Amino acid sequence: MSAAPLLNIKGLTLRYGGLAAVEDLDLIVAEGALDALIGPNGAGKTSLFNLISGLTRQDDGEIWLGGARIDRLSPSQRARRGLARTFQNLRLFTETTAIENVLVGMHLHVGGSLLEILTRFGRFRQAERAAVDAARELLAFVGLSSVEYAPAGSLSYGDQRRLEIARALAAKPKLLLLDEPAAGMNPAETAALRLLLEKLRAQKISMLLVEHDMSLVMRLCDKITVLNFGRKIAEGPPDAVRANPAVIEAYLGVKGAAHFRGDAA
Amino acid sequence: MTDIMLEARGLTIGYGGKLVVRDVDLTVRRGEIACLIGANGAGKTTILRGLSGLLKLRAGSVRLNGEEIANRSAHAIAARGMAHAPEGRQIFAAMSVADNLRAGAYLAPSAAEIGRRRDAALTRFPRLKERLTQQAGLLSGGEQQMLAIARALMADPKLLLLDEPSMGLAPLMVEEIFSILAALKSEGRTILLVEQNANAALALSDQAYVIEAGRISLEGPARDLIDHDGVSAAYLGG
Amino acid sequence: MLLQQIINGFVAGSAYALFALGFTLTFGVLKIVNLTYGFYFSAGAYLALFAALHGAPIALALPLAAFATGLIAVVLDSALLSRLRQQQAPELASLMITLGATLFLYTGMTALIGSEIRRFPIGLIEAAPFRLNGASISLTQIIIVVTAGLLAAALIGVLRATRTGLAMRAMAENPQAAELMGINTGAIMRRVSFLCGAIAGASGVLIGLEHNAITPYMGETMALKGFAVIILGGLGDVGGALIAGLLIGLLEALTAGYVSSVYKDAVGFLLLVLTLWARPFGLFGRASVRRA
Amino acid sequence: ADPLTIGAIEILSGPNAKYGVAIKQGFDLGLDEINRGGGVRGVPLAIAYEDSAGSKEQAINAARQLIGRAKVPLLLGPTLSTEMFAVGPIANQRQTPIIGTSTTAIGVTDIGPFVFRTSLPEADVIPVTLRAARDKLGVKKVAVLYGRDDAFTKSAYDVMKAALAELGFEVLTTETFGAKDTDFSAQLTKIASLNPDAIVISALADAGAGILLAKQALGLPQTVRAIGGNGMNSPKVLEIAGPAADGLLVGSPWFVGKSDPLNAKFIEAYRAKYGSDPDQFAAQAYDTIKIAASALNEAKDLSGEAIRDALLKTKIEGVMGQFAFTPDRSPAVVSGVLVLEAAGGKFTILK
Amino acid sequence: MPAALDDFLWTYQSLIASLGVNGLLALSMYVVLAIGQLSLGQAAFMGLGAYASALLSLHSGLPFPLVLAAATLIPAAFALVIGAPTLRLSGVYLALATIGLGEILRIFLIQSDLTGGALGLSGIPAKAGFALIYGCLAAVTLALMLIARSRVGRAMEAIREDETAAAVSGVDLPRYKMAALVVSAMLAGLAGALNAHASSFIGPNDYGFDAAVTILSYALLGGVGSPFGPLAGALVLTLLPEILRPLQDFRLVVNGAIIVIAVLYMPHGLIPWRPLRIGARP
């Protein structure tokens, strides 16, 4: 793997009082990669996502995206540079319809200056129509066509997860951070998700995936990074990570490791 | 005392003008684990919310331990021995972990009893013990999930409703949860489980129901459903 | 003069705090800015006045009035706020409904009893001030200071250490989950309404006694100050309300005494604005916890 | 015959309704007498009341209703000077004479040639009070306390300031309060520390009474006089403040204990009708309706200009004494100002 | 013009003018509420606009259009200055901080000789006719409607629902919040100037807490889904006291009761609709 690093994290540290949620972490996501981040509950995975997307500020360290340092930018500036994410604790615009949620995700790409908005001249109509078409397509892509006009808050939990993914995709990200996308999905639904992520990979969207569903991670990912207590305890291709005693001890368990051994084949 | 803990007949529930659950019959026997499986949006959560009194029933009857509880308020149902660990965890975010647990034992008869239950819960979830004074809203997702389950256990329920208890938990912890459920069962408690980890859930359960678009499409002993071709294809990823 | 100004400030501050305690509690538990709270303040004073005019001693008139305002609060909250809550109305609807209710209540009260300023019968409470070192403080003022302190301590105790307090906090956070724990949220809400109504009523009586001037709109004036106090202290924070009240009272007195009374009213708000710029949730308030 | 209806805008609800209600009672009493005596121009006189609730907006809307729809030839009121500043220009624009009975602020009649007032402006009353305090009681050093955010109390303060300077008082400090304040202890503590001979107060009745109570509570001796403006010339102040009001000095164009027969008759009739003593506002209103009736009778027609001209010529003997307007439409006779002293819950003439 | 109509317009002149002015104020509230900011500075901004324009009209001889422009720009500049620290606040905290700023402004107006102190300013030339007031109102309503039905409107609604999620979707929060505050200040300032030049007299107490709450209640009663909600709220709350005038003492009592009942039965506002956006369900 020699592709240029898209995301480059150096010595990142975040402390809450005495507790280090992320500690001296180095991490690279290559252009076009589909990598996973795993680790026990409370290992610091979501905290890391929050740092990358700018919702919290690090105590130390640097974050580079596509060759530029982004760790002092606001969340929206980072989004502008091609970063999108989903939330482990769903954060949809619950009162607005599913399609409008996706349209908000498209915010950065819908054209139309204030003047055009006020006069309805120029690109405005065309841009809006194109956005709506694109949003419909995305909803279809994640399997939510039937609920386009339902308020996001009225969707079932699993559907809300899908909607989060659609909203994040709407931003046409270079790097997509997915925080437990398969939570709340049954094995069959997870398999469908896997296909979906593979299609995204084919579209050259780089992804960093936090997930506890090992059947998904082991089959899908190029590289897995394992965190525990905010520190990296292992890194490498699925097979190596699965066999790593430290990972088995802290995360997979002997049974788990055995269980997933057969899957990758 | 019958050997049926929970019996729902003709359960019909909706939101606004839309009926989401129609004419569902469920039976959970004392000391057994029953599970509901189904696709996203099938209505599993809605059924649990209807049973525990969070949603009004449009029609149907629910008997808990032989007593009719349909459309009683949620707190009254809780007082009759049902605990519900709801979807989305619904922990008390600004309260400490310890206070969340105390709230779970709101109906406990004595301080000593609360202490006993708390010790039991914390042995099951050592991570929570480390975080006792932290505000619950600041826990990680999985830690919050543990808290939600522990809080439900604090009620010392006769019947426990769990909505996707393994969600967001690391593999080791998922194993732990399923062994806790097995232990609870062996203590004689009754459990109604909604679970996406259908393989593990069916392996543990006595009785299972498959929900499709708000109706029960299939029911029977859990063992039989594991081997059922349709179930295996649709829900077990097999 | 310094000693007297400190006493003035302390008394005024305690009065603000006394009023604010129930105000902040309503918000803390019910999550609603309940503007009718100011009305209970006025109503309490009037009810005690009527009781006193019918010969009740203050020791009877005060609790009677507090009890009655507590009941009014329960009735109003059940009729208006509970209903809205059941309909899952947006947050601001409850603000608007208390706004409408306030207009109704104040103007209704004036239409019935007039807007005349009234006073308690002379001799209802010992009026001669105590003197110390050339400064003076009256019995009513002492009662206000002591009540504010004790009440704050009691409320903190209830919230932190009792089962009811736990239920109140749980309900404040997530009423549905609280119900699942077996907490009867309706009953808790009524208890809180009663308690807050009673606190407002009692503080109306005491502050009415102190200034010996009772007007229908006294609660409205107090509500604006009370607002500043509960925000400065951090919404829902009982101890914060006590400290913020005292702080504003003292600062006002010292400003009037040593700078200029022109800025007496401004200084409280200035303190509020500057504090919020530095601490967006007041002195002791905390951001709501919701992790991404 | 159809009655001749004139309009009146007063504060009949809200916190300041006490002034408006007293005025209305004064009007109604006078109206009864006028109509018993045959009304005006051969028809009964009637008053259409509108409530301003103390709000300028509502006062304006009321005035426009009365002038534009009801087409009244003459307006009485409104209660507060602030309201007059809002309403006066409107009446003036439509050339409808408007007579304030309680608008004592500076500049009220400058609004325009159709704006009248029957109340003595503060500028005529306050110097009389202050001079009496200086000459009869030997007051030299004073502290001033005024309501800063109300047009009436502020303009009275402006008058006080000028008069204090002119009469050679030493002003130790000038303190202020807000219209809705009920706690005056900080200001009075500061004042007390300066040992003034008297405190000059510009306040409305409620605040004024509160100040007197706080003054007593802080232990300022009775010998430190309170000297009030028009706003404190109200029985309400004595009623609320009780013994704390003893020693208060106010100047007044009228006094309940004034013993002339006209006044005695008025007070008797007022007591009979309302069961209580009139105050200054009721008395001024009572005289005003008489003045209005007289002018309406004398006017050559009911046009605004005719009524204005008639008003300017009106001379009557009222409960407040001789009355006539100056050319700029304020009361002409100011000799009747009395200095009153509160004692035992009553005003008496200062000896 | 027939005399009857002329009389009618004259009689209701202030009312008609306040309807327009209050409509503008309601819209200025809408602009901040639409992104979930409970800012109650509108009354203060209105006061700034009113005083600025009145002083300019009385003392500067500037042409009226320039006066109006100044009346919108001065509050806007003030909003820019206080915006940065203030917009970090949320909910009731923001409300109280802005009310506090308003009270401080009020005390300044009362103390300053330039502004006539408690007596206020009178004799302001009557230059704001119906055409001007309603022209402004129509233009502002149209503009806000067009904005609501665009990506900007969507972003505003997203901020109202979840700031964090909006931010990671690329919505520039500080910019949107500041823009909303500034626009809201401009609208309130414009309303203040129009009001001053319609009623000819202004005083410092017209822009205090009561005014702030009244402006808020327009938006709350009407609903903030679309600009029409606040407009409806302003219409109802301005007309009600006049319509109920015959009830005398019980006028405001009934007024209050009507508000209570309206909220009970229409908790989402008199006009709960949200603007139909391109792409919304046909």
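Side notes on the structure shown:
Note that the chains are named A, B, C, D and E in the order they appear, and that numbering of residues resets to 1 at the start of each chain.
The definition used in the following text is that contacts are C-beta pairs under 8 Å (C-beta built on N, C-alpha and C of every residue); 3 or more make two chains touch, one makes a residue touch a chain.
In UniProt terms the chains read A, B = ABC transporter related; C, E = Inner-membrane translocator.
All figures in this text were calculated on a predicted structure; none of them were measured in a lab.
Traced through touching neighbours, the fewest hops from subunit B to subunit E number 2.
Two chain pairs, A-B and B-C, are compared here, and A-B has more C-beta pairs in contact (counted per touch definition above). Centre to centre, using the average C-alpha position, subunit A and subunit C are separated by 48 Å.
Computed centre separation for the pair subunit A/subunit E is 42 angstrom, with centres defined by C-alpha atoms. Subunit C and subunit D have Cα centroids lying 36 Å from one another. Subunit C and subunit E have centres, each the mean of its CA atoms, that are 30 Å apart. For subunit B, residues that reach two or more other chains under the stated contact definition are 138-139.
Chain contacts: subunit C has residues 107, 111, 262, 265, 290-292 touching two or more partner chains. For subunit A, the set of residues touching two or more other chains reads 46, 55, 87, 89, 91.
Chain contact summary for the complex, subunit E toward subunit C: residues 33, 38, 85-86, 88-90, 92-93, 96-97, 99-101, 103-104, 107, 111, 164, 209, 213, 217, 220-221, 224, 249-253, 255-260, 262-264, 267-268.
Contact residues on subunit B toward subunit C in their complex (touch as defined above): 52-54, 73-76, 78-79, 83-84, 86, 90-95, 99, 102-104, 106-107, 135-139, 151, 155.
The residues of subunit C lying in touch with subunit B in their complex are 163, 166-167, 169-170, 173-174, 176-186, 286, 288-291. Across the interface of their complex, subunit A is touched by residues 15, 37, 39-42, 45, 87-88, 127, 138-143, 145-146, 164, 167-175, 196-199, 233-238 of subunit B. Those residues of subunit E whose C-beta lies close enough to touch subunit D in the complex are 7-8, 10-15, 18, 106-107, 110-111, 117-120, 122-123, 199-201, 203-206, 241-242, 245, 248-249, 251-252.
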